[in-house]
């Protein structure tokens, strides 16, 4: 049974419709990747699930319960945390404070503690008292991931965590994914880097213009099918 | 040597202005909201203390302690049910709503307590003073200044040592991302205004103990508070104390030259600082 | 099919005719109305003028000033100085007093423009306080207690004798009528002038600056210049109105002339309740304001409390004010500013916002 699913999810920015009936689902301990070009609606989908955007009742179900209309602060309390696009660290907070605030809405223990995060990303332990924004891009991304993990989420949403980072840094960050999986969380990874997405995911959804155009296991998808789903059929 | 005394009195007076300003600074720092009713809320606090003193026969300091939780609730509700609805990109709604509140509050106080001057009862201890070299130090001004320093230390502790303080700073940085952490910005704002009104109660206590007050003195307190906040730099609490001291010293020095120049010199000091350092003495790095 | 750009609406055409008749009636009012009515109308018209200028600042310019009393006071005191110290005729001194308000406005803008938003608001208030405190030091105009216009100066004022003779009224009533006529001319000139300004290229630029400073700058609008123009215009007009108000009162004190309640709070309430950012708003607002004042005048502070609460409610429930509500419901525009493409196929969608 799906742990988290969207059912005919739509989203609008004013008059502009960004999502047209998106259905995705992720099971317990599963990692799915969502790929697609810029403007395909990936980030909108993440923001809808996280409750930043208002949804219709019944459009998002988590653990068998309708969470579509809950605001963001309730969603995280339920156990769905997001690493937002662009990292969005709090500039007034140190690295450690950024991590601590990740647990604000959902406490009560679990695998992820400050020590576990520092174990996952040792560099953060060394720089724990620096302002979050004084770190390099890759380190900031580690803080953002650690911050989301601090709520011990059952589903972790990762929005474009490799965006703007050097390949070697991306590798460092993705090295953490298996450990995160092992902690028991399901992952929804939004990626523009198809190879990266295929490598990490159990299943892949490809989006274009606000719709899911392709879905399947990485090994079952061939290059052409992905290309068509990504850019539209072009023969 | 009279100047040393004048300046010392000014520094101590600055403590009172810092108390007026600390709540304004706190609220502005967290939600960029300038509450034009701040001065009137101080006066309301003074009347609340007075009411507790006269009705229950409490000493003023105890009355203030009783008033604090009440004022916290008033601030919490004010923010939650009224001011939160005005927050947004448009600067007009918060300004006009708090301005309307200021006028409504002033006149409600006039209706309830008349325009007569009031004062909180003082005793020998609080009116005493002692000589330290050329300086004559009043117990009351010293208490005021000490309270201002304590309030600022307390607020800094709250900001940098507690989970609520972290939530304040995170929400101030980015309310949307803060909500992703499980923080409810509306409640954080309500708590901030509640705390601001607790500080307002302390300011009100000294306002009422040191001088006469009536329902119309609020706007002037707002202006002093505002000047202290701007001089100090938005969001810097120690800067607010420095700002209060600058206004206080300018006023006592001005008054020493010509008693009619007291208030004017404070304003002029503010304008001069604004001329030289438009962002104040200790501006926040990121804004 | 030809297309053309117009700002006219059918309602605005009717309004032009009705407005013309109303203006004639207003000018003729002293011939058939009593002195009390004339004084009420003077009050309404001067408050309307102040409100229009504040609305120009805040509603169109985005500059929320809480320091308009600086210009009312400066204009009023300039009038008294020109008459008492300079021996000028009061009627002549009224427009000149606007210059004094300008003289205060230039340094005010210099300081206040360093502040944004709410800080601009309180900054203007501080400066108004500074001006009040300095004026209170002006001993030859009565210092803190104030002074009155000399009797002979008001009695020998231009036009007064003429009005006395032609309308058969006493000197005091004639002065009120004169002040009323000036206030009518001033209010009409203000509304006309602002309407004209908003329909020029400048007015478009102003709307652009208010909506988005950066975007406006990127299309070549000089935002700083627009702010100066609006601020100085409104200071001048407010100063002239202040001078006129105190010409009629004939008695001045710093606390009254620089009162934040009388010259800024009331004005803000008028604009907010009527509808900020429209010319119609202040007109509706001043009528409501006057009605409330007449109804509640005996209740003192209840009156102001009501105004404050009303302003809060309007701001939260109908931020565009009563005129905004009305205009939204009916599509009515008496002073249309929006340029609409007309003619051809488009005529069908006329007046649907």
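Note that the chains take the letters A, B and C in the order they are written out, and that residue 1 is the start of every chain.
The definition used in the following text is that a contact is a pair of C-beta atoms (placed from the backbone, for glycine too) under 8 Å apart; a residue touches a chain by one contact, two chains touch by 3 or more.
Nothing here was measured: the structure is a model prediction, and the numbers come from that model.
**Q** Compared with subunit A, which chain's mean CA position is the farthest off?
**A** Centroid comparison gives C as the farthest chain from subunit A.
**Q** Which chain has the mean of its C-alpha atoms lying nearest to the mean of all protein C-alpha atoms shown?
**A** B
**Q** Based only on mean CA positions, could you tell me how far subunit A sits from subunit C in angstrom?
**A** 55
**Q** In whole angstrom, how far does the Cα centroid of subunit A sit from the Cα centroid of subunit B?
**A** Going by mean C-alpha positions, subunit A sits 44 Å from subunit B.
**Q** Suppose each chain is reduced to the average of its Cα coordinates; what separation in Å results between subunit B and subunit C?
**A** Each chain's C-alpha centroid was found; their separation is 34 Å.
**Q** Using the touch definition from the top, list the residues of subunit C that touch subunit B in their complex.
**A** Result: residues 58, 62, 64, 66, 111, 114-115, 117-119, 121-123, 125-127, 129-130, 133-134, 136-137, 260-261, 265, 268-269, 272, 276, 300-305, 307-312, 315-316, 319 of subunit C touch subunit B.
**Q** What residues of subunit A sit close enough to touch subunit B in their complex?
**A** That would be residues 50-52, 71-73, 76-77, 81-82, 84, 88, 90-93, 97, 100-102, 104-106, 133, 147-148, 151 of subunit A.
**Q** Considering the complex alone, what residue numbers of subunit B touch subunit C?
**A** My answer: residues 33-34, 36, 82, 85-86, 91-97, 99-108, 110-111, 219, 222-223, 226-227, 230, 260, 263-264, 267-268, 270-271, 274-275, 278.
**Q** Which stretch or stretches of subunit B touch subunit A in the complex?
**A** Against subunit A, the touching part of subunit B is residues 163, 166-167, 169-170, 172-174, 176-184, 286.
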